[in-house]
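The structures come next, written out as structure tokens.
Both complexes shown next keep chain A, but they swap its partner, so chain B is in the first and chain C is in the second.
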Partner chain A sequence: MLKPCFRAAAILMLALLAKVPVTLAATEAASTPPELSVEGGPPTVRLISDAQYLNAIAYIFGPDVAPSLHFPPLRRTEGLLALGSKSAGVTAGAVQAYEAVAQTIAANVVDPHHRSFLIGCMPKVETKRDDRCATQVIARYGRLLFRRPLSKAEVKAYVDIAGSDAETLNDFYSGLSSSLSALLVSPEFLYFVETEERDPHNPKNMRLTGQAKAMRLSLLLWNAPPDEELLEAAERGQLQTREGLSKQVDRMLASPRMESGLRAFFDDMFIFEGFNALAKDAIIYPAFTQGAVEAAREQTLRTVIDHLVARNGDYRDLFTTRHTFLNSQLSPLYKLPVEQGGDWVAYDLPADAGRGGLLSEISFLALNSHPGRSSPTRRGRAVREIFLCQKVPDPPPNVDFSKFEDAAHSAKTARGRLAEHATNPVCAGCHKITDPLGLALENFDGAGEFRRTEGNELIDASGSLNGVSFSDADGLGKAIHDSPEAPRCLVQRLYAYGLGYKPGTDQRAWLEELDKRFAAHGYRIVDLLHEIVTSPAFYAVTAPKSGEVVASNGS
Partner chain B sequence: MHFHHSLALVATLFLLDAASAQPPGKTLGFTFDEWGYALYEMPGAAECPAGLQISDLDMFRAQYQTEEEQNQALSKHGFYLNRGPNGESDWLYPQLVTEPVVYREVQSKIAIGKNLDGTTDGKGTGKTCAHEKFVDPQGHPGVDNQMYRVLGCHAGWKKGGFLSDFVHNLLRNEPYDRLLVEISNVHDLQNDPDVTVSFYKGRDQLIMDGGANGGKPVPWQTQRIDDRFPEYIQSTHGRIENGVLKTAPANVRFAQLQVIRVPGEFRLLDMQLELRLTENGAEGLMVGYHDTDNWWKNYRKLGLGAPSVELQSGPGVYAALQRYADGRRDETTGKCTAISAAYQIHATSVLVVHNNDQTKSNPQVIAASGPAPK
Partner chain C sequence: MASTNVSRRRVLRGMLGGTAVTLGLPLLNAQLNGNGVALASGAPVPTRFGTWSWGLGMNKSIFVPKTIGANYDLPEEIESLKPVRDQINILTNFRLPTDGRPNLCHFTGWVAIRTGYIPTTKNDLPYPTVDVLISDEIGTTTRFKSLDLAATGVARDSVSLRNGDTINAPVISAVEFYRQIFGSDFQDPNSAVFKPSTKIMVRKSVLSAVGEQRRQLLASVGSDDRARLDQYFTALRELENRLELQLQRPQPAVACRIPDPVGQEAAPGLDFDLVAARHRSMTDLLVLALACNQARVFNMVYSNSSANTTRPGQAKTHHILTHEELVDQKLGYQPESSWFIRRAMESWSYFVQALASFKEGDGTLLDHSLVFAQSDQEYAKVHSIDGIPMMTAGTANGKVRTGLHIDGKGALATNVGFTLQHIMGVPAGDWGVGSLRTDREVSEILS
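Now for the complex of A and B:
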């Protein structure tokens, strides 16, 4: 978060600069970084994710309206599910799922319990259609769901659905439910469609419309569609000015909804959808219960949000911090008591616990293991791919695991067994990349429980990264902490996540600039977010190429 | 808020005790997850040559043998449990009912348990009444477990029986029944001449693993002391001998649900634990004497449950209880008021959380009636 004095200065400067044409100049008065030319990409069309859907419904209608839902998963692209949303279609089966959820939500909105405060008007006769009341409801919720005002023709179409069904069913609210349900299965709601328009300051170029900027901003900061105030600002053109944009950014960064946005980002970056299908051998790991699975995911997200938002901490310290959260479900895995029973408690891990940082949390260790044993290779690969944004090639399809899994193998530890791969030139190339990192985490078994020995043999947890040697998980965490790739990777992921696509080469210089600014801010993620969402680069779009179909607001 | 935890093989807080020459040792925490009557079962239920107990309903049918008599009794007294001469409930007034079928008791010489009265022949002493001793399955003589004679031929209490399963599930599923045990001041897990053994009522659900039949408790989970019940904070001494904890006889009381959700209290006089410490828990015996009056007042609540399913009748149990009482002889009447019993225990290692200084520093020292057994 910007310090108040800096923010005040920034706001003052922005006020003075409000009428200056938008450039990539710094928002801080203290320095003037070079202006960078960013071409941007085409406007995106993104399918709504489960979490975005739930947030949208909760923020528009309230938290008790939506059922639990699981729509078809998105395809992970360039390290992020969010990028997969750009190329996701909706199958016939998925339409059924969307429709079922929509009907439930709509029925809940109009039920006797909710209608008094969600509908806002009453029909003259409950058993008949009432277009006046239906129009009010459709116009209000249609705007929030479609992230833009509905045209008169659109309102009339949805009101006609409500009226027709009300007459058929002799119930105004049932008719209204049909209409709301139709709004919820509309592509206008299920897809975030960015629209562009001619830039009045530079008519040769295109720019995102205010509504599209609002969506890009809101999806990154809140993982939700724009709220009413942001929509209003967009409709009034305020997001096209620095002052207007800054005002909304400050408001959104100060909102508790930002936690939800950051949670969604890290859940995506850490590949936590893996928890949805994570299972361990219950005989080998009895403490790895379903409750522990859910708690492990939550522990890491809590730790991250607490550190980065509540404490405004240095991102890199996440790899070394002993401050975390525990609950009773995790207590057996950590062999640490939890004072508050089922509740989460802040916890400083003992110095001799052998743990510290994200890499030694159950979530990372268990997700990147086999069902019945640890996996230095998976863990090493995950460290490189998730936290350092490096690509490790997939193993060849004909890997012979028999020697590695042979219980009678003379080597009792994973290090000894992995030596088989190291001596095989086909395998050695990749294992040299992954194993020195993963072996440093061998003091944790496949469920993440601490151990000193494997097969009665003392575990050697030494390893190295970029020439830096270490002897255990603490050392690995320190090496990642000190690695310049770690914060760079975060910038890269966060920026791509916000854009909805992998930045092109034209944005490389801008990303490097963001790296510098992230470092200058002490690796504080809220400041990084502020830099991103107040930068013109974040909203830069290319003009449509000949023959290319893009969304447009018709201007 | 003071925060203390106990753990065996993991990091432990070591607080220097000013009153002691050596630092306090480790503290081990446990919760009981199996706690059932020690009933030695022989192939084909050979310990019950007369067969197994019959239910109240069968007793009713034996008491009123014709359909006409049964209808008359039901018409007059309303319910088949009301078998007293004036329709009194047979569970509330068992002494008024004479069972028409003889009570089926254990006839075996072998039982699980310990020698509680110190005699080898079971002759009455000033404190006990004459009784027949058992030999334990390993051949040790002098075993006292007269409760086995009372309940050993109940199908419901045998392994897999309705009652044993029911009580087992209560113990695992109801936090009210959560008993926490701490062994503190442990300097040697194999042999330690003096350790402190404390008992607390817990307050948390057990976290179970994903195994069959509801799973087993996950070791090393957190369990909090329910300090709303200071009366269940108790402490005594014991010793560890070749990895087996042996506690000195002491009178204990533990919170325990009776029937489904009727709060009750488990009391055991001269209670001794003999538990082998294992990697993730402990197992062994809890022995002692039940005050017959207290035990019956708890036990009769089963008559409010499903007596026909339980396959037992109240008057038979009550009469056998009086007949086999062997401890706490009343000098005035010459009758014994307590009965020897043994329980088979399995405990899981847990991390006991003290939320209150009181639970750590000032447990109620329970009356120890003798030194730790050799």
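Now for the complex of A and C:
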């Protein structure tokens, strides 16, 4: 491939011969693939989330070692919790929580049951320190926990903790527990610290180290730290080659762990953290039990994963599909029969059920309502912000509500209550954005149950989006399906989620290219992920600020 | 028990796992501060500081007492405060100039009162809340730096933060709160036998070793992340110091007793009776946690700033009512909305009574505390923030006069936060940003 300067000169020469007016900069810009024009951002330092923590422990030590945990929630930034991890601080209480959990996990790892298969060696004398065995254990687990090999000095430091405490407590395993606890409390476990190095092929530029690439890749695809094979590929330098990277990407995309990764992404994008505190009025919605809360979340995630992964389906069809999953907890809300006590059942909703697509599932409808009634404005806003990546401003503080009180007092339906909002110039600017979408979902009450009337008045579920009118929720789903904003929004969210930060303007052209490729792939998410994680743009980093040390962990 | 003839010395490593210690060990210097120390000699117990928050303000005509000063009347929205009126100050008619920044609904008000700053957006939270400033001063010598609780049962309902990325997450379950305080790591301060815990010694050494990674790690990251990681190491060091204190025999806490475990959790949801039940359970545990010197700073959120509290069988939440309910022409206020404010005040009264009825030494826990209550709006219907109702309860070991209605006459609301800091020993010359900056105290409440 020609170096950029020679390429530009060749193009200029051709242009001159063709008597075509052209500027060098424009030529250069036009010829550079968009993924190569990305500057990127500085390496990130992301705080581990609850799910990532549990995934790490489950992979390294098994599924029965970690206690239940609830670390402080991250700040939702640009629609995603994942972007909050980059700037998250830790409070005194959070550190106490990390330390307590670390103690519990470490104690479980060395207990008589687990040590038989998690500790690959035995001390000479159980009541004394054994640096040989401790070294073996710490080197092995330290590498997996820190996502890089520990140096000899680091291993020695942790072995000294184990040995010192073994002597204090007259127990090798208690000492080992201390060192494991230290690893788990270390910021190198609790934070995903990306590092960069000089690009040996282009020394003026920086590149992420193999370890950092492995972390970025694994967090996006699996919502977990790198596994053994990915770490080894990083340490061998294989992630710095196209072939080596592709091999790992293909392996990871084909793995069942992809499901966990995508679940985490959609749980974040759909703002399903709201389920943690969701409750409905038990008198108004008696069928909306605590079991239904948990089932509603699972239903949508199961539907999404089945459609996008198992069936390799078109993302847009999520807004119209009638293929879903139900269980006995949801049966009363959908008024569809499901065997009591049974597991999840694949279900094709009847065409006359008035339901189709994510927007008519209990999860979306109930989350974006009040405890005792529906909310077209909340639902409309959620459609805009979650699925179309459009921001709706907050209401102004000084609205004169006296004009609405009579309407609110006397109207039988939500449309009636909101009529004044649609025409009053103070309110209409925002309500015209939200209400035409939310009112199309008014055949579903605050718990998501279907209804034809409200207050004995027939519900009018007509609305419009981008000039396209529709008469019910099916129509809304189709309008979202057909809108260019929906797939574009998914690309934006998924890409930002993987980067850990909102992409800058330097990534605009690349994001537009990704939009095109997503369409070319039939809006299939696995193909989109492949495009993202095999592109150099995804790993682009900027140079460190003047005076800052460039670190390398030898990958 | 503890003898004043004991000389200062550290716990010797050789004592671990050996003979149980029956003599009192000396106090650390950090435990002797201007707020007082609990000694067998009867010196005042440490002053505690707490906050209590409720959403959606008040209806002025039936909330604000007509009387200024002592013996104030109790209009109907706060009549539930009758049992503790003389221990509560009500602070009204304080203002919040916004320097032209927009009034962000259910946000600007409480952020300004608690941080002294008018935010430009809902992500703009650069300054710590007043309780964090106070816990930095007095919270480093107890097992927990602060205790944060949300009676709503919602994990994001917190008004205690160092900045927008570092928010104190509340405990949302009484069962979890019990486990946190009185679980296996609890050390009974009144136990006749004290044996320094080997477990704590080992935990402390682990933290110390991890802290030694600081220099190497900070050198490997950019400047923006250095501050965040440094904050982590600082928090780690503070935890290590608190574990060090737990290796010393705890101060006797004459009023401390271990409660029975909490059997059952209230069901999830924002029904007012569920919130009240959670609030009662958490308050009862908090009182004992404070009496057992587990923390000196606490925060309770009764309802968040949007207060979506509900009544069973009714479709409209408190918040919806503030905007949709007609003002009753005869009464002059929204009766359904007012109903919820009265329920909030009942819980506030319960909270204050719980502290006031708990005997501690020669006084009560409330005598030894200062609690600051505030809302987020003055009149929720129009989101007004001038005149947001505020209260204090407790005398802070005699530093605060109580039983007064203070009319701020348009003074800055940040005068209150500034005053609280001074009472609790935070050495601040002034506080607040822009037009909220102040160096004036609410002198009427100072003894």
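Definition applied: the second predicted complex is superposed on the first by the 494 of 555 C-alpha atoms of A that agree within 3 Å, B and C clash if a C-alpha of one lies under 4 Å from a C-alpha of the other, contacts with A are read in each partner's own complex, and residues count from 1 in each chain.
One rule holds for everything that comes next: a contact is a pair of C-beta atoms (placed from the backbone, for glycine too) under 8 Å apart; a residue touches a chain by one contact, two chains touch by 3 or more.
Everything numeric here is computed off the predicted structure, so don't read it as measured data.
Peer 1: Sticking to the clash and touch definitions up top, decide whether chain B and chain C on chain A clash or fit.
Peer 2: In the superposition, chain B and chain C stay clear of each other.
Peer 1: Looking at the overlay, does A:62 come into contact with chain B only (first), chain C only (second), both, or neither?
Peer 2: In the superposed model, A:62 contacts neither chain B nor chain C.
Peer 1: Touch check for A:290: first (chain B), second (chain C), both, or neither?
Peer 2: Once the two structures are laid over each other on A, A:290 reaches both partners.
Peer 1: Applying the touch criterion given at the start, work out whether A:149 contacts chain B, chain C, both or neither, answering first, second, both or neither.
Peer 2: After superposing on A, A:149 lies clear of both chain B and chain C.
Peer 1: In the overlay, answer first, second, both or neither for which of chain B and chain C A:94 touches.
Peer 2: In the superposition, A:94 contacts chain C only.
Peer 1: Does chain C touch more residues of chain A than chain B does, or is it the other way round?
Peer 2: Partner touching more chain A residues in the overlay: C.
Peer 1: Quick check on the superposed pair: does A:282 touch chain B, chain C, both, or neither? Answer first, second, both or neither.
Peer 2: The answer is both, since A:282 touches chain B and chain C.
Peer 1: Based on the superposed arrangement, let me know which partner A:181 touches: chain B (first), chain C (second), both, or neither?
Peer 2: second
Peer 1: Return first, second, both or neither, reflecting whether A:416 touches chain B, chain C, both chains, or no partner chain.
Peer 2: Neither: A:416 stays clear of chain B and chain C.
Peer 1: By the touch definition at the top of the document, which applies to A:70: first (chain B), second (chain C), both, or neither?
Peer 2: After superposition on chain A, A:70 lies in contact with chain C alone.
Peer 1: Please indicate which partner A:352 is in contact with in the superposed arrangement: first for chain B, second for chain C, both, or neither.
Peer 2: first
Peer 1: To be precise, I mean the smallest distance between any C-alpha of chain B and any C-alpha of chain C in the superposed model; what is it in Å?
Peer 2: Nearest C-alpha pair, chain B versus chain C: 7 Å apart.
Peer 1: Which residues would you name on chain A as touching chain B in one complex and chain C in the other?
Peer 2: 282-283, 290
Peer 1: Going by the contact rule at the top, pick out the chain C residues touching chain A in the complex.
Peer 2: 13, 16-17, 102-105, 122-123, 135, 139, 144-146, 148, 152-156, 162-169, 185, 198, 201-203, 205-207, 209-210, 212-213, 217, 219-225, 228-229, 231-233, 235-236, 238-239, 267-271, 308, 310, 312-317, 320, 323-326, 381-383
Peer 1: List the residues on chain A that touch chain C in their complex, please.
Peer 2: Its residues touching chain C are 42-45, 70-73, 75, 77, 84, 87-96, 99-100, 103, 157-158, 160-161, 164-165, 168-170, 174, 178-179, 181-182, 185-188, 190-191, 193, 195, 276-284, 290, 370-373, 394-399, 401, 404-406, 408-409, 417, 446, 544-545, 548-549, 551.
Peer 1: Under the touch definition given earlier, write down the residues of chain A that touch chain B in their complex.
Peer 2: Chain A residues touching chain B: 282-283, 286-287, 289-291, 328-329, 331-332, 335-339, 341-342, 350, 352-353.
Peer 1: Considering the complex alone, what residue numbers of chain B touch chain A?
Peer 2: It comes out as residues 1, 3, 5-7, 9-11, 203-204, 207-211, 215-216, 218-222, 224, 351-353, 355.
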